[in-house]
Structure formats: C-alpha cells, structure tokens
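Listed next: structures, encoded as structure tokens.
Two complexes, one shared chain (chain A), two partners (chain B, chain C).
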Partner chain A sequence: MYIHHHTCISPQQTFEHADVETLHESADNKLKAKEPVYKGIPPGILRRMGKAVRMGIGAALPVIKQQSLIDGIIIGTANGGMEDCIKFLNQIIDYEEGMLTPGNFVQSTPNAIAAQMGLLNKNKGYNITHVHRGLAFENALLDAMMMIKENPGNNYLLGAVDEISAYNYNIDLLDGCFKKEIIVNKNLYDTVSAGTIAGEGAAMFVVNDNAENAVATIKAIQTIHTKDEMEVSRVLQQFIQQTLPDNEKVDMLLTGENGDARLLKYYTEVESLFDEYTTIARFKHMCGEYPTASSVALWLVCNRHQWPAHMIKKQCKNSTVRNIIIYNNYRGLQHAFMHIVKYKC
Partner chain B sequence: MEKEQLKQQLKQQIVQFLNLTSVKPEDIKDDEPLFGEGLGLDSIDSIELIVLLSREYGITIQDPKEGRKILVDINTMADYIAEHKTK
Partner chain C sequence: MSRVFVTGMGIISAIGDTVAKNREALINKQCGIAGLTLFHTKYTGLRPCGEIKVETHELKNKLRAHEKGITRSSLLALHAFKEAIADATLSANQLSSRHTALIGASTVGGMCLTDELYNDANKSENGSEYLSSYDCASVDLYLQSRYSMSGVINTINTACSSSSNAIMYGARLLKNGLAKRVIAGGTDSLAKFTINGFNALHILSPEKCTPFDRDRKGLNLGEAAAFLVLEKEEDIAGKKIYAELTGYGNSNDAFHPSSLSDKGDGPFLCMQKALQKAQLPASAISFINAHGTATENNDAVESQAMIRLFGTPPPFASTKANTGHTLGAAGAVEAVFGVLNLYYQEIYPGLHFSNAIEATGLKPETIYRQGSLQHVMSNSFGFGGNCTSLIFSKI
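And then the complex of A and B:
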C-alpha cells in the first residue's frame, strides 16, 4: 500500500509549513493540538463541530484537495468526539431526560468524523470508522490494505483522530495513566515515574496501489495483545524476518516510548533486537500519548528526510533511512508493528 | 422584565446556545430574519431554539405551524416569550 499525500494536526507545527525541529512544550501534562484556521469548512458547520471532528476534517480537506478522486474514507479513532458525548450525557441528567439539543449528540459519535468528511466532499463510497482503542488506527490501516487488494486502482483516505477530553483525562489520571507530578515534554524520557502525558491530534493519508510518485509504502503491519515483553520481542523478530528482504537491514526503529516507567521493559526488549546499524528514535514527546498516536509516527516517516535531534535516542552511521519499523505500545497491552519503506531519500 | 431587556437576553442566549462564535449579540437586529437570509440559521438550529424556549422560559411548542410564526425574528420570539413564559 503506497502513501501519496499526508497531513497532520498535532501539538507541534505539523500542519502547513511544518517545522518539527522546534519542540513546543506541554502544559499541565497535556500536549494540546495547534489548531489552524480551518479553511474550506462552512462557518455554519464549523460552529457545531467538536474538536475531534474539527481536527479530522481540517486535516482531511487539504489531502482530498490534492487527490480529488477518493473511493472511500477509513478512519481510526478510539473515542471520537468524547467532549461532545459527555455534554450530551450531562444534558440527559441536567434536564431529567427531557428536551435535548441534537448538536452534541450528532457530533459525539465516533463515526461523525468520517461521516462529515463524506458529506462535505459528497463522497458516497466506503465510509467506516475503527474504534479498537490503542489499535484503532492500525485496524483502519489494515482495512485500507485489504480494500486496495480487493479494489486495485482505488484511492482511500486513511486517517486517525483523537482529542483530549476533560472526562477521559480525569478518568485516565485516576487510573494511573498520566503522571501525578507536572513535567514538560522535553524531559519526558528522563522521568522515572509511572504514567505519561496526554496528547491529541489528527493525521490523514491518501493511499492506493500506485507506486509512482509515492512518498512511502507500508509493507506490513502486525498487532498483538499481550503483557509479556518476551512475546512482543518474539513476534517482532518473526515480523521482521517475514517482511524484510534478506539483503536489507532496518535503518530506523521509531518507537512510542512515552516516559511511563512501567512500559520501559517493552521498549528495552524491542531495542535489544537491533544492532549499532539501526537508528532508534521516539515521537511521543511531540504528540503526547493517545490511542491513535502511531498515526503521527507514520506522518513523521512520510514527512521527514532529516530527523530532529530531540527525536533521536541512538544515532547510527547509516546516511539513508529507507526501512523503518514503527513499534507502538498502548498501555502495555496493545502492541503494533509497521514496516515502512520510505522513498525520495 | 422590560421587552428591551428581554430581547438583549434572548440575543445572548441565541449566540450561546447556537455557538455563533462569529456573531456578537448586539449585531443581531430585532427584525432580522433568523432563518435563510439574515442570521442564516437552519433546521437543526430551529430545534436548538425550541429547546432554548423550553429550558429558559418554560415554553413548549408542540405545533410546527405555531413554531414557524414564533421563530421569525427577535421581535416575534420576544413577544411570544413575554406572553407565554412560565419561568
């Protein structure tokens, strides 16, 4: 599956005139998305959109403009418009199940993002939303791969969106997912405590089976559910053996290390599989932790030719980065591996 | 409450309920049509306005024909509220 166009709205300057060398700092353990001025969304529709829907549509419109013929829309989001969902549920309580306004409800379902994209672009093709928590984006990606195999020549809009909602943040904080002490993202990997920092964003890609002018190709993807780091290591080893040609090596390992001391064992085990040839880089200090954060890693792979120093954990001597493995881990249970081959190096 | 005061309050509530981020309450004219040309509201907004009347003024509109006569502009809404409000 080949990637042709890509956009990203994130807590860093990734949308229009991307500059990821400069690291924008987190506040109160949250990395909130830098939302652009949304062009192309009618004001009457924009005012009803929650943040997740806004970010999703805002990121999708530029890539749809570049690739006018889209045969389907495939989105991954764990929570969709959670903030609107909670507003709607609160209304039910506040007004004793009486008259409720439709706006929050319409915007609150996870498939509102893909649905709005379809409506705005008059796209009546395949339209689906995957909501598999920390593997929502990976499942959307797998769906896109299968759709392209079944329908050669088709173009699909593939993307991922999730927002920080006050409700989810508070519940996850109580659950120990986020750090109790306030830190800043530039020091994320120096901390030795449990928990991480919250993040949000949207990344969109146009994918098809046409190699010409592609930015990158997704050669393979694998997901597993396990708490055993040795199992993760074993599956990754098999994955690399199956996907990587015999005469090639992994140039870069891009991991979702997130500063949570409890999850470090997975990353340590995975990193131990690679020798001095492979550069190791990290991305969660840029976007924070959220269920579909791996989409930002994929966008970075598509966008970057030079990797900023703040991303590099271990620099190797190879000058070209062609074979990239993305390893992401959501809450020590949901693991995903992607093999990306990058072009135009 | 004086009619003028009621109109000002209503304009603020419309901006808030409908999330009209680019409109200031004082920009809405009393005789400006709410739907179509004018403020440019749509059918989903009409439901939001009916909920506004119910929550803020205790007014229930059951007949759609009646609704069309009330939700014309600020003047018609304020007149109806002044006559029928229960809270």
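And then the complex of A and C:
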C-alpha cells in the first residue's frame, strides 16, 4: 500500500510550514495540538464541531483537495468526541435527565469524524470508524490495505484522530496513565516514574496501489495483545523475517517509548533485537501519548525532513533511512509493528 | 477468494438468551418491548424498551465473570460469545490461535455506567473500578483476555450499523487470508446516554414501535449482544453450516449527521454493493430483514430505497418490534435472524403493523410462514449516514 499525501495536526509544527526541528513544549503534562486556522470549513459548521471532529476534518481537507477522487474514508479513533460525550453526560446528571439538546450527543459518537468528512465531501463510498483503543489506527490501516487489494486503482483516505478532553484526562489520570509530577516533554525519556504525558492530534493519508510518486509504502503490519515482552520480541522477529527481503536490513526502529517506567521493558527487549546498524528513534515527546499516536509516527516517516536530533536515541552510521520499523505499545497490552519503506526525497 | 460460512451463532436479547429461544419468540410473535423494571431512568414508564430482564449481578454469577471492571455490555457480549463458540465447537486452542480473529462492535460500551463515568470524569479522587472500561474496545479487550486470543482483535463503531460492519470486516479478513476463523458481532446495553440522546432527538416512541406503519411514532431502544462464527470453506469439513455470507456493502449517505436523505442514496448504494459482491440480481433476494426502526425518517427512506432498487421489493419485515433497536448489536442480532430465516426456511412476522405508508404502499410480512428462501438481505443504517447491507445465502 502506497502513501501519496499526508497531513498532520499535532502539538508540533506539522500542519503548515512543517518544522519538526523545533520542539514545542508541553504544559501541565499535556501536549495540546497546534490547531491551524481552518480554511474551507463553513463557519457555522466549524462552530458546532468538537475538537476531535475539527482536527480530523481540518487535517483531511487539504488531502481531499489534492486528490479529487477519494473512494472511501477509513478512520481510527479510540474515543472520538470525548469532550462532547461527557458534556452530554454531565447534562444528563446535572439536569436529572431534563430537557437536553442533542447537539453534543450527535457530535460525540466516534463515527461523527468520518461521517462529517463524508458529508463535507459528498463522499458516498466506504465509510468506517475503528475504535479499538490503542490499535484503532492499526485496524484502520489493515482495513485500507484490504480495500486496496480488493479494489485495485481506488484511493482511500486513511486517518486517525484523538483529543485530550478534560474528562478523559481525568479518567486516565485516576487510572495511573499520567505522571503525578509535572515534567516537560523534552525530558520525557529521562524520567523513571510510572505514567506518561497526554497528547492529541490528527493525521491523514491518501493511500492506493500506485507506486508512482509515492512517498512511502507500508509493506506489512501486525498487531498483538499481550503483556509478555518476550512474546512481543518473538512476534517482532517473525514479522521482520517475513516482511524484510533477505539482503536488506532495518535502517531505523521508531518506537513509541513514552517515559512510563512500567513499559520500558518492552522497548528494551525490542531494541535488543537490533545491532549497531539500526538507528533507534522516538516520537512521543513530540505528540504525547494517546491511543492513535502511532499515526504521527507514520506521518513523520512520510515527511520529507532530516531526522531531528531530538528524535534520535541511538544514531547509526548509514545515511539513508529506507526500511523503517515502527513499534508502538499502548498501556503494555496492545502492540503494533509496521514495516515502512521510505522513498528518497 | 474463499467462501465464508456461518458455523456458529449466539445471541441474548429481550426475547431470549439463546438462539433457540429467540427463534421461538419470533415464530410466536413475542414482543420483548415493555416498561423498564431493572434499568433506572426518569423515562421509566414513559419510554418502553427491549430490556433483558436479568440483573447485571445475576449475569456475573451465571457467567462466572467476577473480574473487576466488567460492564453489562461486556457481560451480554460474553453471554452471546460463549453460545456462538460452543455452537461452532471451537476449542480453547482454536480460540487462542493466531488465526482466530475477534471483531466486535458497540456504540455504548462501558458508558452504560453513567453515574460511575460522571464521577470518574469529574472528580479528582476515588476512581471507580471501571476506569478502563468505558470505551467500546473494553468489551473486546475483555473477551480477548478471557480467551487468550492472539489473532486480529478489533472494535468498530459506526453507530447503528456497527456490528454489520464487524461481520463485513470479519469476512474480509477471511477472504484476505488474515484469519482462518472470525467471531464477529456486537453488543450494547441500555444507557442513560442513549435514552436521553435519542429522546432529545424526539425519535423515541412512547408506545411499542410500529415499523413501516403509516402512524409510527419512533423507535424503542433495546439491549442485546450477538456473535456469529465465520469460517472458510476449506476449514469446515464435517461441521454444521448455517448459511453462506455472500454479499456485503458499505456506503455513506453523506446527507445529514442524524437523518437519511429523502432519496436514500446510502441505503440504496449499500444494498446495491451487497448484491454486486454476491453477484446476484435484485430479483434473487427472497426476503429482507429491514433496518425498520419505526422512525418517521428511516422507514420512509428505507422504503423508497427498496423501491428504487427492487422495483417491487421482496417480502420484508423488521424485527425491531420484537427486540427494540439494539444499536451496536442490531446488525449482528438481525444477521442471526436472517441466517435463521434461511436455515429453517421460514419468515418471521413483523409486529404492530396496521396501515402502509401512503407514499409507498409497502406492507411488511405480518404472518409466520414457511417458504423457499435462497438469499436473505439484512440492512443496518446508522447516524452519520453509515449504511451497511449483508446478504446471506442458503447452502
């Protein structure tokens, strides 16, 4: 599956005039998205959109403009419009199920993002929303790979969105997902405590089976559910054996290391599979942790930039980065591997 | 590409907690919609629902599901899942195999626990046991962990077409060689969130719903879970086969966030795509289990779309007057019913119908009868214009 267009709204300067060298800082253990001025969304509609819907549509609009014909929309989002969802819930409790306005209810369903994209672009094709928490984007990606195989020549909009809402931050904080002490993202990997920092964003891709002018190709993806780091390591070895040609090596391992001391064992185990040939890089200090954060990793691979020093954990000597493995892990249970081949700039 | 067969089914709904009991209820025109007795809301007595009359703690005892943080949605799912895997005689080894996928669907997930969620979302201490149980994925993560499943695991939420899309995704995994067997379906339990949401949209009926009736007053919510075991032709020698899944189509209506277009492009296109996938002419469809929610909008549009596609539509009915609208479970619930139509060669009557919608004159089936059914279509349309149609065929 080939990637042709890619956009990203994230806590970093990724949307317009992308500059990933400069690292924008987190505040209160949150990395909030730098939302652009949304051009092309009617103001009346924009005003009613929750942040997740807004970021998703905003990131998708230029992609759709560049590619006049999209045959379907495939979105991964763990929570969709969580802020709207709990606003509606709060109304139910606070007004004791009194007269409620349905706006928040309709906006809060996770499929509202893909639905709005379909609506704004009059797209009557395949339209689906995967919500499998830390593998919502990966399942969307697998779906897109199957669609392309089943429908040669078609183009699909593939993307992921999740937002920080005050509410899901609170729930996840109570659940021990975030650090109790305040840190800044540039020191994310230096901390040894449990928990990470929260993030959000939207990344969109146009994918098809056409190699010409593609920025990258997704060779393979695999997901597993396990708490056993040795099982993760075993499956990754098999994955690489199956997907990587015999005479090639992995140039870069891009991991979802997130500063949570409890999850370090998975990353240590995975990194130990690679020798000095492979550069090891990380991305969660840029976007924070959220269920579909791996979509930002994919955008970073597609983006035509030099790898900024702040991403590099271990630099190897080879200058071209072609074969990339992304390893992401959500809460020590949901793991995903992607093999991406990046084409020369 | 391999053919995909249904080799096992499980269901729990307001009309029964097994496939057999659901079939008996359908034959006997049993309506599971009544006043709420277990679920507490201000709308008790005002909005009848398809409530499963088993308390959550009874489900926990029956299923021996005493882990922390298990919600009613997960318990209903487990109930249906257990029946489906037993029916398909799947072993523990098969369930935990890398070749076995679980594709679930839900729209409410753990948000059935409104009060716990309210506290956990708004208070700074004393988190409940449900902190990681509110999302839709929590259901399938629970099943994954309980059965040590290691294949593709996914959760889909496209509102009321969620579990039809789960079945479609599961079939595609099989056809693409990404799984050898798939357990696909969905679950939803009653929730203040949905009762208040649909009520605010003024589409909840104060009476038992009347699908396709001229004087219909809206839908009744229900709760249910259903799963189907899908397997490939080459892997099922000697097994009981209920039906073949021959067609599926997904399309977006691209008209409005919470209502369908008058022309019904989404419904029309998903039915048309399903026929194309099954390589069948419209005339081959023997029966349609319609989405038929009994809202003003849905039944008018679905009728128009059926007329557009079929000219004279085949016999059809909606089982939502039996179970209520079970949202994320509805597609799988009605897939089970469609498979039963084929397996037993019988049509279940639609309930509470009196007069046809004037503009269409279409009348749903209202009498139980046996017949020769070759291909049954099952429609599911959701908010956000998410429309999906499935076709099951007789073996």
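By definition in this document, the second predicted complex is superposed on the first by the 342 of 345 C-alpha atoms of A that agree within 3 Å, B and C clash if a C-alpha of one lies under 4 Å from a C-alpha of the other, contacts with A are read in each partner's own complex, and residues count from 1 in each chain.
Everything that follows uses one rule, which is that contacts are C-beta pairs under 8 Å (C-beta built on N, C-alpha and C of every residue); 3 or more make two chains touch, one makes a residue touch a chain.
These numbers were taken from a predicted model, which means no experiment stands behind them.
> State whether A:N123 touches chain B only (first), chain C only (second), both chains, or neither.
Touch partner of A:N123: chain C, not chain B.
> If we overlay the two complexes on their shared chain A, which of chain B and chain C does A:E150 touch? Say first, second, both or neither.
The answer is second: A:E150 touches chain C but not chain B.
> For A:G44, using the defined touch cut-off, is the partner it touches chain B, chain C, both, or neither? Pick first, second, both or neither.
After superposing on A, A:G44 lies in contact with chain B but is clear of chain C.
> I'd like to know which partner A:I92 touches here: chain B for first, chain C for second, both or neither.
A:I92: touches chain C, not chain B.
> Count the residues of chain A touched by chain B and by chain C, then name the partner with the higher count.
Here the partner covering more residues of chain A is C.
> May I ask you to decide whether A:T101 touches chain B, chain C, both, or neither, giving the answer as first, second, both or neither?
both
> Can A:Q315 be said to touch chain B (first), chain C (second), both, or neither?
After superposition on chain A, A:Q315 lies in contact with neither partner.
> Of the two partner chains, chain B (first) and chain C (second), which one does A:S193 touch, if any: first, second, both, or neither?
neither
> So which positions on chain A get touched by both chain B and chain C?
Residues common to the chain A contacts of chain C and of chain B are 99-102, 106, listed in rising order.
> Under the stated contact criterion, what part of chain A meets chain B in this complex?
Result: residues 43-44, 47-48, 95, 98-103, 106 of chain A touch chain B.
> Provide the residue numbers of chain C that touch chain A in the complex, in ascending order.
So the residues of chain C touching chain A come out as 41-43, 107, 111, 114-115, 117-118, 120-125, 127, 131-132, 134-138, 140-141, 144-145, 149-150, 152-159, 165, 169, 172-173, 175-176, 178, 192-193, 196-197, 199-201, 250-258, 265-266, 269, 382-386.
> Spell out the residues on chain B that touch chain A in their complex, using ranges where they run on.
17-22, 40, 42, 44, 47-48, 50-51, 54-55
> Can you check the complex and tell me which residues of chain A touch chain C?
Spelled out, the residues of chain A in touch with chain C are 73, 78-80, 85-86, 88-93, 96-97, 99-102, 105-107, 109-112, 114-116, 118-119, 121-133, 135-136, 139, 142-143, 146, 149-150, 167-168, 170-172, 174-175, 223-226, 333.
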